[in-house]
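In the part that follows, the structures are each spelled out as structure tokens.
The same subunit A turns up in both complexes below, where it pairs with subunit B and then with subunit C.
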Partner chain A sequence: MIQVRGLAKSFGDFTALKDLDMTVETGSVYGLIGVNGSGKTTLIRQLTGVLRPDAGSITIDGVPVYDDIDVKKRVGYVPDELFFMGNYSLNAMASFYRGLYKSWNEERFRAMTESFGLKPGQRLSRMSKGMQKQAAFILVMSAMPDYLILDEPIDGLDPIMRKKLWGYILGDVADRRLTVLISSHNLRELEGICDCIGIIKDKKLGFEGKLDELQNELSDMSLEEIFIYEMEGRNDE
Partner chain B sequence: MFQLDLKSRKSIYEQIVDGCKEMIICGDLEPNEKLPSVREMSALLTVNPNTIQKAYSRLEQDGWIYTVTGRGAFVSEELHEPDTRQIESIFEQIGALMGQLRYLGVKGEEMIERLKKISEERGTAR
Partner chain C sequence: MNKALFKENIKRFWPISAVAALIYFMSGPFLLLLQKDNASVFTARNLVSNFNLGFLFMDCALPVIICAAVFMYLYRMNSTVVMHSLPFSRSSLFVTNYLSGMVLSTAPAVLTALIMFAIKASNVLHFIDDTVWNSLPAGAVSWSTGGIALWLAITLVDIFFVFSLCSFGAVISGNMVICLLTGCALNLVVQGVILAHYAYCSTFLFGYSDNSFNWKWLASIHPVTHFVTNNSQALRQEGPSGMKFILLSAAAYIAVSCVVSVLAWAVYKKRANERTGDSYVFGAAGFIIGLLLVFLGSSAVGLIFNDSFGLWGFVISGVCCFIIAQMIIRKTPKIFDKGILKPMAAAVVMMAVVMGCYIFDLTGYESRVPDVSDVKTVHLRTYDVNFGFPYDLEDPQAVEAVTLLHKEIVAHKDELMTQEADKEYTSEEDAEDEGWTWIDLDYELKSGRRLSRSMKMPYKYLKASEGLKTIVMTGSYNVFEGMVERADPENITMNANVNDWGDLTETNAEKYGDVQYADVPVTEYSGSAAEAATIELDKKIAALSGEEKIRLLEAISDDYSNMPFEALIMSSPRYATYGLWIHVEYDDMDEALYEQLSGYQSRLYYIWFREKTDYQPQSYVENVNLEVDENWPRTMAFLDGLLESGE
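Now for the complex of A and B:
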């Protein structure tokens, strides 16, 4: 379980997030949504221990994430903008990951590389953007993390790759209770995949809960309608 | 396998429940045939496995399927109770289609004749 309590983060005199609480249950697929610039990436960078919160706490299974190597090894992260080391190939990255993650699954690495049709010997810098994203997913999913954090991950992948990728991710959710946190603007796609959602509004989590309960309450609104309703509707009344 | 309609007013959970029912009604899934596992169905439809599990539980509750521990979910021999909600919803769909036929100039008697014929044809199938 990921627990965030009273989180605050400012950059200079700009307050990005304040007093944010969030709970992501183990085995759930949690959709984090919010308008552009609402602080989704700032929150995610703190969840992954890249950024340090100004105040509040973030724990994964009770352990604070910032500066904790053991927790970080259980978390797979695919950022919005990818970064690959120099002239590495997918194979070279795999041996790097293999040394880093005890849970590395070589069989899955081979199966995914083949299924996605990537050449493991090719330099990543020579690959197209979409292929680089596929490579990042292959590496993360082969590390068999307990938690998967995805920052607007799907853009740039074609529908066939997306379906394949979701097959792997949801398979892990079913088989070994992988916990997924995903931020995206593709609400149609999130609607089927997520069972929980959190909406960032006014620098904190304006809403958090089970998607099906929310849809029951709001007479089967789509996620898109719910989002607009939460951002505009509820406060105006 | 049925397709999900992400633009539909129906929730995904309901679409899965109704989709499975339709496959059973049409005979695509026969009595005692095994349904795809939650995991398989989740990958097939790209839907959260918890939602599939919920849909299967509902189908079991309503007597459409039964589960065998460790082996999966199977189609029931016959329904224990008629599903009035489903029946009403199908009649509504037929009503809407008949409205379209009327607009296209098909007379009431012809519709009834054709419906009888369809009913006879299907009656022998299942």
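Now for the complex of A and C:
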């Protein structure tokens, strides 16, 4: 379980997050949504240990995330802006990841590479943006993480690849209780896969809860309608 | 340390090290192998003595480049995010990158050393001038297994030091260009600030003495400059004890490098990744570096153009440097907002302090004269007074006379500084007895501190100085007076000229005998060198008997004793001047007397070349250069008689 309590982060004079609480249950698929600049990426970068929180705590299964190697080994992260070393190929990156993650699954790596139709010896820098995204997913999923954090994960992916990708992710959720946190503006896609959502509003989590319960409460509104309602409607009320 | 990342770093960046290894090889071992059958001892010696420019360049450049390479991921947000989200702690990331960087930086030097070991062991080199090795003292660096090992050790220390500073620069920098510049700057900044301090003192502080500035110490701030200068000197002159000096200094550099590295590690743990892409990721770093840029930039420009622009040079260049520094640090030309107020105020305060301390002497440096009761000894040197004879005084009355002289000079300080700035030096003015000279004072205080001053004065002030008169005219302060009595007539040799003392410094003791009887004519001056007439005096002086030589020395001594104070302050010769070199060998010279006489310069001077250990113990040679004028009547009569007897 991911638990965030009283989280705050500022960049100079600008406050990005303030007193944010969030809970992501183990085995759930959690959709993190918010308007542009609401602090989703800032929150995710703190969840993955990239940024140090100014205040508050972030724990995974009760252990603080920041600077803890054992916790980070259990977390897979696909950022919105990808990075691969130098002129590395997928194989070379896999070799690097293999040394980092004891849980590395070679069979999964080969299967996904074949399924996505990537050439493992090809330089990643020469691949298209969509192919690079697939490569990032292959690497992260082959590390067999317990927690998967995705920041705008499906940008640049075609519908076929998206379907395959969700198949792998949801398969892991079902088979080994993978916990997934997804930040995306593609609310229709999220609606189909998320069981929980959190909406960042005014630098904190304005709403958090199970999607079906929320939909029941709000007369089967779509996630997009719920989002607009949460951001504007309740204020108007 | 993370093995996977270590391996990846080596795999990614080994080509940089390979190129560096090639440059090391081409700069050193390859040169030797090219010469093979007629190898130069000097080439080989330069390699192991840290004088090879190719080696030195790589020792400095490679760690800077490698450090920037291994920490490159810190300078783009996507790489920063991915690397920090992988299963590393900040410590393990820093340590792994640091160690892999060190391995990549040092590997080329280690490889080069192995090649040199192999060349040495295979005996493929045939030196054409190997007698040079024999002239080196025991323990000196030579083309040997030990010499190569020492080179490797020193090179590793150099690289470690440079790399540690660069690693600190890397973790505070937010982009690659700033990382490279900061790495270089951190390696130079301390010496730069010290040099600026020296330049300010020399330019603005009346009485500032070079004696208080230790150039060796400046070189030892950084191992690269230290091992190039002090190291080889220590080895050449001191042999095995020089080796101890090297090892101790190497240990000190290693300790400093360790401290800097730990500091870099601690800073990395606090690194604000959200500021990736900024010039500096810590506000304090940008602030301090901005101030340093203003200080060094305005100092350099202001000091260089001080004669033309005076204070305005510092002010204008300071403002320009401040604006440029802020633009670099904030990465925008739009710097004029409220955020600029703090660094601007700091820069103004800093430059005000600098100007106050150096230009307006708010610390009272120029007027400071120690109390007699605080002085243990004082060393006084007056270049054009009493033949430049140096005084080491500890008698309170003598110290009081020196402090009186010092106060007399300080009383004229403002006037002297104005005059010196306005003065145009001409030979006519010198002839009119208005020349200037230097006076050096070096107080050793009872507290253990030193106070040194070097002041420029016109002769006329010195002639009016009661303090100086007391010192010069008190015979007991004057070692020169006993010179004749101490000299053994059998050991006195004289000649009129010796052509080039510079050559003698490279001549060994055996050859010295040949040079001192050189058949070189003495020159009689009548105003200008162009009108000089040559007189064959040297053979006549060389032919003098021991008694005649003693008589000549007695004449010199007698003339000296009767000379009035004013005449002991240099004035232009009224008519013909004899240049006379006298060599007096002392059999009983002790070290204290040697130290005193070794201070002779200018008109009456003592030259000792190389180290006294190169020669027979207690066999000292004194060279006295006397320009004799009407103040030397007995000496003139003796020399005139010598001339007449030859006509």
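Everything below uses one rule, namely that the second predicted complex is superposed on the first by the 237 of 237 C-alpha atoms of A that agree within 3 Å, B and C clash if a C-alpha of one lies under 4 Å from a C-alpha of the other, contacts with A are read in each partner's own complex, and residues count from 1 in each chain.
Convention: a residue touches a chain if its C-beta (ideal position, glycine included) is under 8 Å from a C-beta of that chain, and two chains touch if they have at least 3 such contacts.
What you see is a predicted model, and the numbers here were worked out from it, not measured in a lab.
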Query: Clash or fit: subunit B and subunit C on subunit A?
result: fit
Task: Determine, under the contact definition given at the top, whether A:K163 touches first (subunit B), second (subunit C), both, or neither.
output: first
Task: Could you say whether A:I69 touches subunit B, subunit C, both of them, or neither, answering first, second, both or neither?
output: second
- request: Would you sort A:G6 into first (subunit B), second (subunit C), both or neither based on which partner it touches?
  value: neither
Query: Is A:Y101 in contact with subunit B, with subunit C, with both, or with neither (first, second, both, neither)?
result: second
Task: State whether A:V50 touches subunit B only (first), subunit C only (second), both chains, or neither.
output: second
- prompt: At the Cα centre of subunit A, what angle separates the centres of subunit B and subunit C, to the nearest 10 degrees?
  reply: 170
- request: For A:P79, select first, second, both or neither according to whether it touches subunit B, subunit C, the two together, or no partner.
  value: second
Query: Is A:G209 in contact with subunit B, with subunit C, with both, or with neither (first, second, both, neither)?
result: neither
Task: Please work out how little space separates the C-alpha atoms of subunit B and subunit C at their nearest point after superposition, in whole Å.
output: 26
- request: Please identify the positions on subunit A that touch both subunit B and subunit C, taking each partner from its own complex.
  value: none
Message: Under the definition above, what is the set of subunit A residues touching subunit B in their complex?
response: 27-29, 162-163, 166-167, 170-171, 173-175, 188-189, 191-195, 212, 215, 220
- request: Write out the stretch or stretches of subunit B touching subunit A in their complex.
  value: 4, 6-7, 9-13, 38-39, 42-43, 45-51, 54
Message: Which residues of subunit A touch subunit C once you look at their complex with the stated criterion?
response: 11, 45, 48-52, 67-70, 72-73, 75, 77, 79, 81-83, 85-86, 96, 98-101
- request: State the interface residues of subunit C toward subunit A in the complex, per the touch definition above.
  value: 2-5, 7-8, 12, 73, 76-92, 269, 272-274
